[in-house]
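A single structure is presented below for examination.
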Amino acid sequence: MFAPGATLASLRAERPLIHQITNYVVMNETANATLALGALPVMAHAAEEVEEMVGLARALVVNIGTLSPPWVEAMLAAGKAANARGIPVVLDPVGAGATRYRTETAKRLLDGIDVTVLRGNAGEVATLVGVKAEVRGVESIAAADDPAELARTAARTLELVASVTGPVDHVSDGVRTLSVANGHELLATVTGTGCMSSAITGCFLAANPAPLEAAAEALAAFGLAGEDAASVAKGPGTFHAALYDALYALTPDSLDERARIS
Amino acid sequence: MFAPGATLASLRAERPLIHQITNYVVMNETANATLALGALPVMAHAAEEVEEMVGLARALVVNIGTLSPPWVEAMLAAGKAANARGIPVVLDPVGAGATRYRTETAKRLLDGIDVTVLRGNAGEVATLVGVKAEVRGVESIAAADDPAELARTAARTLELVASVTGPVDHVSDGVRTLSVANGHELLATVTGTGCMSSAITGCFLAANPAPLEAAAEALAAFGLAGEDAASVAKGPGTFHAALYDALYALTPDSLDERARIS
Amino acid sequence: MFAPGATLASLRAERPLIHQITNYVVMNETANATLALGALPVMAHAAEEVEEMVGLARALVVNIGTLSPPWVEAMLAAGKAANARGIPVVLDPVGAGATRYRTETAKRLLDGIDVTVLRGNAGEVATLVGVKAEVRGVESIAAADDPAELARTAARTLELVASVTGPVDHVSDGVRTLSVANGHELLATVTGTGCMSSAITGCFLAANPAPLEAAAEALAAFGLAGEDAASVAKGPGTFHAALYDALYALTPDSLDERARIS
């Protein structure tokens, strides 16, 4: 049962705090996407405060895009605190498959934290379930043969909701698998749009307790914002600015009408 | 005596270097705001160089938005070096009140450095003078009952100029309290606009030796840029881009005419 | 022999991975410039993975804009791995001359790594060849008397290609010295445009094995994007967004026709 508009309306009424431990490249971008959508972002990574900060949040988003040992420890501590409080955790395994350190860190986070939603591209998710994939840096090069099946396998193997983004997105809890067909190719021309989709997944999880539905709704909302931004953009730079305008302008009614979740 | 236009003209003629030790989320944004206004930003946080870099600067801006122990030590060392040289220091206590680590760090910086201007939202400043406040992450949720009184109390208690921003800003040295009524609600939809106002406060302090006046002039200038940006924006993203255009286009005459400082 | 259009076409066909170890201020910006141009950026700085990541890349870009000891060690390790693999290395010595730490680190990187192209402003490059220069923070204040001669001297002394950017850019291998006259003054109003030109130099080096030509072609391409962005911009903010649009829209034919390399 999808009611993405209702989730969005609830999110804007409640303005949940979304704690993000993310990478240096996209911190400003994920914070602005969170804020434009209607939630409140906070970035905090020090061991001295992550557990306390999680205690104020309604969702935690962890992203290994520019990982290093102290940040990984903070992610683990924050993730465990989130689990103890029963708030949802999103993991974005940026670049898993590119280096051993990224792959092993993503696996360590999956082992140490009860992750609610794993949001990644096909190459990253394939790596984490042992399927061969080509990852060039942080980009997935070859599309998975069957991304819906990949999402289902990841969900079953890792016991979470797998959210595999690409030209069409696939979200699965291992039993049901949804596809989300919103989006625009300009999203691939701006760095950090994958990271933004993870942040927005955290926002929707904070407002909808059903993780499969929340994850799909988030991708529909972000994809729609991409469609709206593309309609006024002249290239990646103006698209990037228009993306925040579109997230801010997105209405619950428009989201309900235009979401292409099936 | 306000002459914000004269301060701006002086700043642009002299292009003072503003040393900023700030958070990962807004570094690009505060650097661009500084540059668009007409001063020169430099970001440096290594213990190996902060004291020497402060020696080249005309103001220091310290911001705890994504604090961790080595950064806090660098802030203390830089602040002491700034004090020794007699250049002004701005402290932005981002998220004070949200976690003990942030509150204690802000107090430690206030104890260890002779801060010229404390620039924060009502929740952060209230926390630092022992008044109860609701801070959600890095956002102040409940407006202070009487923000002018809060600014006055903070200035007296902490022996500095307190600059409390909100729908209307209040700046006090404990004796005189000024209100600044420039600004636009879209400023609250972009992350880091508070941090930008702190950076711009540093710029104005570098060009005007009277800290109460400089702090108020800075908020008027930034608020005016927000008004101008809002007049052409379609949402937070285009507003954000237009904000730098507006800071760059702001003229001393326009600032003198339109500043709403009382 | 210049064929900047052919280099650009090749880069877009191959989408080389450009590994960047750069500063916190501009990470998003250099990643987006790389992506808009047509290459793939990856940011990775942990000792645990830099050597492996370099193994996937076609060029390495090292930038000391917000340096600290662990990052410098990562730059050295990555640089040596790049040398061992025979892929080109760009060094951007941000702020060399401003503090001893920056100057000494830049020299240490030049000693420890076989740098292909040194890309800096006149003050930074002058510092590294022992010529007096005024550097205010990270900005070069006084233009060099003879920047072409400075580039030639730096190339000969440091045994690399020196790429000295300014109102007119000069690129030299010590024997031949090229000037590049593309660009626009608005580039100086946005932070990190120098860093972007270094990232784009890395992209062109990945697609053209002749470093002198590649470095000049990169500056022509970036300068042209600046010209195109300025034609639609209303100030630094809209210019910044338009810069990515222009990099994305730049065609090989337009680059061949409009490049002002001599």
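As written, the chain order gives the labels A, B and C, with residue 1 at the start of each chain.
Rule of thumb we're sticking to: a residue touches a chain if its C-beta (ideal position, glycine included) is under 8 Å from a C-beta of that chain, and two chains touch if they have at least 3 such contacts.
On a predicted model such as this, the values are computed, not experimentally measured, just so you know.
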Rotation in the CA alignment of subunit A with subunit B, degrees, nearest 5: 120
Interface sides of subunit A and subunit C: same vs different residues, half threshold: different
Distance from subunit C to subunit A - Cα centre to Cα centre, in angstrom: 32
Shared-contact residues (touching 2 or more other chains) in subunit B: 24, 28, 240-241
Contact footprint of subunit B on subunit C as seen in their complex: 23-26, 28-29, 65-69, 95, 98-102, 136-139, 189-192, 233-238, 240-241
Subunit C partner contacts - residues on subunit B that touch it in the complex: 15, 17, 19, 24, 27-28, 31-32, 35-36, 40-46, 48-49, 52-53, 56-57, 70, 232, 240-249
